[in-house]
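Two complexes come next, and they have one chain in common, chain A, joined by chain B in the first and chain C in the second.
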Partner chain A sequence: MTRAVVTGNQAAGHALVAAGEANRAARGCGGGGYPITPQTEIIENVMAARFSKGNFTAVESEHSAMAVCIGTSLAGARSFTASSSNGLLYMTENVFAAGLARLPIVMAVANRTVGPPWNIWADHGDSLALRDAPWLQLYCDSHQDLVDTILLAFRVAEDPRVLLPVMVTEDGFLLSHTSMVVDLPPQDLVDAYLPPLDLALRMRADHPRTYGQIMSPRETQRHREEIQAAMERVPEVLEEAGAEFAHVFGRRPRGAFEAEHTADADTVLIAAGTTVSTLRRVVEERRSAGEKIGFVQLKLFRPFLRDELAQAIGAARRVAVLDRDHSSGSGGIMWNEIATSLRERPDVLLQGYIVGLGGGEVDPPLIDLVLDDFAGRERSQAPIFFPRLVT
Partner chain B sequence: MATTLPAPDTAPRPHLLRPDSTNCPGCAMSVGLQWLDEALGAATPTLVVPACCAAVTPGAFPASAYSVPTVATTFASAAAVATGIARVRELNGEADPTICWAGDGGTYDIGLATLSAAAERNEDVLYICYDNEIYGNTGGQRSSATPRGAKTSTTPRGKVEAKKDIMAIMAAHRLPYAATLSLAHRDDFLRKIRLALGMTGFRFLLMLSPCPAGWKSDPAESVELVRLAVACGLFPLYEVFDGERYRVNARPDGTPLDDYLRRQGRFRTVAPSMDELRAQVDREWARLDELARVFPATD
Partner chain C sequence: MIEITIYGRGGRGGVTLAKLIAAAYFLRGKYVQAFGRYGAERAGAPVQAFVRVDDEEITEHYPVREPDYVIVLDAGLIAAEAAEGMDPGGFIVLNSPLPPDAFESVFPGRNVATTDATAIAVSNRLGTKALPIVNTALLGAAGEILGLSLADVEAALAHLGLGEPNLKAARTAYGSVRQARLPGIIAPVAPGRPPARTASIFDEDIGGPPKVHTGSWASRLPASASLTPLCSDACPAGNDVRGFVQALVQRDYEAALKTILLTSPFPGTCGRVCPAPCMQACARGDYDDAVNNRELERYVADRAPWPEPTRPTRRERLAVIGSGPAGLSAAYQLARLGYPVTVFEAGDELGGLLRTGIPAYRLPRKVIDREIAFILAHGVEVRCGQRVTRSRLVEMRREYDGVIVATGLQEQRTMDLGAGDHRVLQALDFLDLSRSRPPDLREQRVVIAGGGNTAIDAARVALRLGAQDALVLYRRTRAEMPAIAEEIEEALAEGVRIEQLAAPLRLEGDGEESALICRRMTLGKPDKSGRPRPVPVDGDDGLAEFRCDTVLLALGEAPDGRLLPAGAVLDEEELLPGAEDAPACTAGDLVTPEGTVAAAIGGGRRAAWRLHAALGGVETPSSPAPLIDASALTFRDVPRVAMAKGRLRPARSRAASFLEVRQGLRDRRGRQTAYEEAQRCFSCGACTGCGDCVVYCPEGILTHVGDTECTVDEDYCKGCGLCAAQCPRSALAMLPT
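The block that comes next holds the complex of A and B.
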């Protein structure tokens, strides 16, 4: 391993480049890239790479960036890109098209608030807006988590049991532009972890097929059911890919959910992204003071593993979800999923909180305020925004 | 869980457009595909088709009237998807061409930025626009390729604006080759496609493609309409090399504009002013002749 102090974007760029280079014995790698803050450095890192067999294209829009990825992947090469915020939304049509085509593209996302009004800071609303696309979504809480998850993502995406694209996200600026010590895996280990890509159904002259033509309602339903079945195979594939990761790299990557101190917890907090790092600190402090409190990192958001989530909270009767996103007229997007997951647990008091919107600070004092509010509640109510600005 | 594939097909490539396409009778695009097949010879192209009639042409999954690898892309994406395919083919030393086959909506309108960017990057893609001057697939709405005076479902009183000069736009990219294609000039048609296939970089071909359903014309007259469009001067046949050197392939022969217009119901309700249209065509020809005189192609 090479230990280095790098930013989140450099870490993501390193992982993407290494994965692309690992396919040099097969059909190579490529994709399209377009700048948008805060992910731009990822694309710059990829464009600066000298691939043995690769070709990355600087295009004129995110919509075309994903279109180039689609063409690259259809032609059988390993494909990847990165984007953020409005770029993701501009790309949306082709995000769906890539998933519907079952192309194992990996996209790093630096989460950023959608505008205008413009705001370049962290908010999960951009990638969560694409939650209904046929993509896996994994939310990272640290630089190492990001590197490991990107490599893991290729392995899962390209598994014939899955064959779906994957988004791997980092909080804009909080991870993308801060530096940490990271183990950057050397190329030979990445080569060992990511075998040459052999897409059985890629475009080829000796097996001419028509991709994306008209489908009847029956065929369309069958297609969607196949995607659902592939999503349902993700947990086993993810577990295998994680075990193989540990075998090759010597450390275990994070799984779908990472529960800490939940075994004896009365109260459990659930969050994604860098909020988790803050929760970890607050929970450790409160446990030292004798509180029975734990937390769950929501890592895998698509597919959403309802039963596993219900298990992850253990016997806790009080659960608070901290969403860094907002679905207008509904509340927190993650809270919605968790409420569905806990539908058979009427004994659980579930409260949604919306924190850190638009890059607002989510620091230990804010978590303390949330916990103080939660402690006084006997019934749940509509999701509450923190800090309280509107009185 | 590897997918088992049948043995590779080693028989000669079947015709690019097999029977049972869903194209309407008299669709000029069908003829264009047949001639494209002829020009290709033994080469097996990859077709990249944005949303347009040609995305419907193959019929419904799992059967397909296309005998070559074909991908139907989102509307504005053809030139970018083709970019990805062409670059991977180049990485792998595969010489067969990547061809975009796109309607005017996906070329002049929604796909223009994508097309422009691919041309600016000089991707190794042959882009052919079959221009039926209308959103045919959705029942005949105006596009920026619709000529002045034409009645469409969104210009019920006739289109006020002139047709966009896509050839000038493409030439401005200084791309290796751009040319117009006429289904009434078979030798010229095949020569230009073969010439384009022999080049690398971004090549753009524009084919006037009568649509009997949208133009309210006789399906049997589609090729004749192209002949008249060239003869009256409305659709100049020419080539541009490197976006700079011009060659005119056929000049108007004095055929009245009305011979072309009166055969189409789309011009019947609100006939354009013949004097104005004549003046416009003459101005375009003066410009084209001057370009060909000052910057002649000797290629």
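The block that comes next holds the complex of A and C.
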């Protein structure tokens, strides 16, 4: 391992480049790149890399960036790109196309709220808006988590049991533009972890066929059923990929959920991204003061593992979800999913909170405010925004 | 854990400073975190950066609230709020030329350290084209306060790939921090204000004009730079080359000519015979081709309407000795200053070497006549056939109120070629003779010794006078020849031959057997002029023989100071001795033997101003603006276009003709017209109104006034410097407010 001080974007760029280089013995790597704050530095790192076998194309939009990824992936290359916010939304049509084509593309997302009015800072509203696309979604809470998850993502995406693209996200600025100490894996270990890609359905000159042709209603249904089945196989593949990761790199990457102190907890907090690291501090402090409190990091959001989540909260009767996103007219997107997970737990008081929108600071005093609010609640209500504003 | 807050301005290196400090601790095995708080106001806005250092992994993802150290990069950001929440044992590091106790009222009871990082950055030329960047100097200062070693600081810079002059800036600051614990009591933390109302997009005033007067952020503001371009700086005559070419771009031919006439009365002459150092210096030379300033100058002289001459207004009568370009330039400038001037010439005609030394096919007589007539029309009188001796000069300094001596280079260098010296002639004498009584050179083989313009001219004239062969012998190679490159090419096209690396030794034989024996040379180490020194080849291999009937010597000339008073120093800045007499000074090749018309013009003009000052004149010539830094020019987006060359009379029709060879640039039709060539001028150091600055200004507060001026709204200019940094021609500078 090379220990270095790098930004989240540099860390993500390093992992993507190493994964691309690892496919040099096969069909190489490729993709399209287009800049947008706060992910630009990722794609700059990718475009500046000199691959033994690979080629990245600077294109004129995110829509085209994903189109190039689709093309290179169909040609059998390991394909990846990065985007954020409105760029991701502009890319949307091809995001769906990539998933529907079952292409194991990996996209790093530096989460940024959607505008206008413009705001370049973090919330998860951009990638969560694509939650219904046939993509896996993994939310990271640190630089190391980001590097490890990107490598893990290729392994899962390319597994014949899955063959779906993966989004790996980092909170914009909070990770993307923050320099931290991280262990960057050397190329030979990445080579060992990511074997040469041999896509069964790749385009071949000696075996011409049509991709994305007309489908009948029943064929369409079967296509979706296959995607659903692939999504359902993700937990076991993720588990295996994590074990293999630990075997190669000597550390275990975070799994679908990371539950801490939930075994004896009355109250459990659930969050994703860097909010988790703040939760960890607050929870540790409160536990040392005698509170029975725990938390769950929601790492894998798609597929959403309902039963596993219900298990993760253990016997807790009070669950608060801290969404860094907002589904208009509904509430927190993660809260929604968790509510369906807990449909068989009428004994649980589930309250949604919406925090950190557009880069609002999620620091221990804010978590304390949320917990103070939650402690006094006897019944849940519509999601509550924090901090409370003077209007 | 150590926590540090850095106050800086967007885009000025605050985040990099945070990364540098983090790197220093990382290299000591610590966990670190460095990040910025990015604002919406972009460059120039107040921003903060933060550093955390710990022995354990850092998990905080929010700004530092209770820093142990505060670093302030910009004097405009020094305020009591910077220390809020700070530990009483903490330290505040300020970028300021003032001592710490100057901040007693701002930071009472605090530990304060100051360093003049801006001065250190400026002296190390750190920063963008527009603004100094102070972060590496502050790294040195902060490193000292943090207890890091200088080696830690240097390692951090190296880790981020920063070398000199950043290292020097950090080292300078590291040893020079001033620190003190200021008297007074730390103010208690002010009670938190009630949270302010958050705006709604439905508010009346949302989206209106910005309320923040960002002009208060600026420590520097853009201002027109007006720098001297490389061409004007290189012009020995002192012409505003860019100025006249840009007037051509405006199609203002009259203004173009007037611009040249400020410094030179010989645009038609220089536009034909100048070696054009301006073109060698032209910044475009490395991009595609230099701008063809010489042909443009000729174009202006030949096409523009000449202005009405001025008339004498003063009563002091002045004399100029010598009517070469230096003397006439001096007379012209003095006449423009209002003096009645009389020019004394030993020969029958005015013009000196312009007339006797430059053949008509290069410089037609009518061009010289026109320019001399223009000078004389300023009320300049002429006395021809008057050779001035030392005693006559003494008399003149009593008859006149001031005298300029511009007798040029009267001594011709020669060499002894042994027997047969009747066949040896000075090339300059030959050129002069060829005007009035041209010798018949039919069937003759002429050898010319030398490599300057006189040698090439003599060879070409020899061919025109019927010589069957004209061979130029030069000690070095063609690449080192001082003659104008185009002239050499034209000469070769006309049939002149050049023998490189050969120096004449002696003439042998007679009649048909007549031959010039030469010593072969090779190129050695460079001499004082920077050209390789010719080294003789010894032995029999070192000799070569060239059949010849006539030898023309073009070995250069030297000044002859015999008419000057005893004790005269050949120095441009000195008046001639003789305080009791009228002031007198020297000008041109006599004192500065450059040997070009342009240098003589410049020397004559400077002498005129010197004499004017000696006579108590109050006007002074305008002093040039600072010289441009060529590396700051950016030719991006400029199409590459080859230089427009002047048309040439075909070689076959100029073989025996003294008609002018060069025909100048096209006027109207065709692609390579003078106007188009002028448009290739990049106008280095002077605004052309291209508008890039207006487009690049992120605030939209730069506006054009007229074609070449822009104005800035100081209420909203935050001094980001983007306008100056992007200005392709360095016509904008960021000046301290």
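We take it that the second predicted complex is superposed on the first by the 389 of 391 C-alpha atoms of A that agree within 3 Å, B and C clash if a C-alpha of one lies under 4 Å from a C-alpha of the other, contacts with A are read in each partner's own complex, and residues count from 1 in each chain.
What we mean here is this: a contact is a pair of C-beta atoms (placed from the backbone, for glycine too) under 8 Å apart; a residue touches a chain by one contact, two chains touch by 3 or more.
Remember, it's a predicted structure, so these values are computed and weren't measured experimentally.
Novice: Using the touch definition from the top, say if A:G212 reaches chain B (first), chain C (second), both or neither.
Specialist: A:G212: touches chain B, not chain C.
Novice: Should A:R161 be classified as contacting the first partner (chain B), the second (chain C), both, or neither?
Specialist: first
Novice: Who wins on chain A residues touched, chain B or chain C?
Specialist: If we count touched residues of chain A for both partners, the winner is B.
Novice: What part of chain C is in contact with chain A in the complex they form?
Specialist: 18-19, 22-23, 26, 31-36, 38, 40, 57-63, 194-198, 200-201
Novice: Once bound in the complex, which stretches of chain B touch chain A?
Specialist: 1-3, 5-6, 8-10, 44, 46, 48, 55-56, 58-62, 64, 66-74, 76-77, 80-92, 94, 96, 113-114, 116-117, 121
Novice: Quick check on the complex: what are the chain A residues that touch chain B?
Specialist: Per the touch definition, chain A meets chain B at residues 27-28, 30-32, 53-55, 57, 59-61, 63-65, 67-77, 79, 93-94, 97, 160-161, 200-201, 203-216, 219.
Novice: Can you check the complex and tell me which residues of chain A touch chain C?
Specialist: So the residues of chain A touching chain C come out as 5, 117-118, 120, 142, 171, 173-175, 177-181, 274, 277-278, 280-281, 361-363, 389-391.
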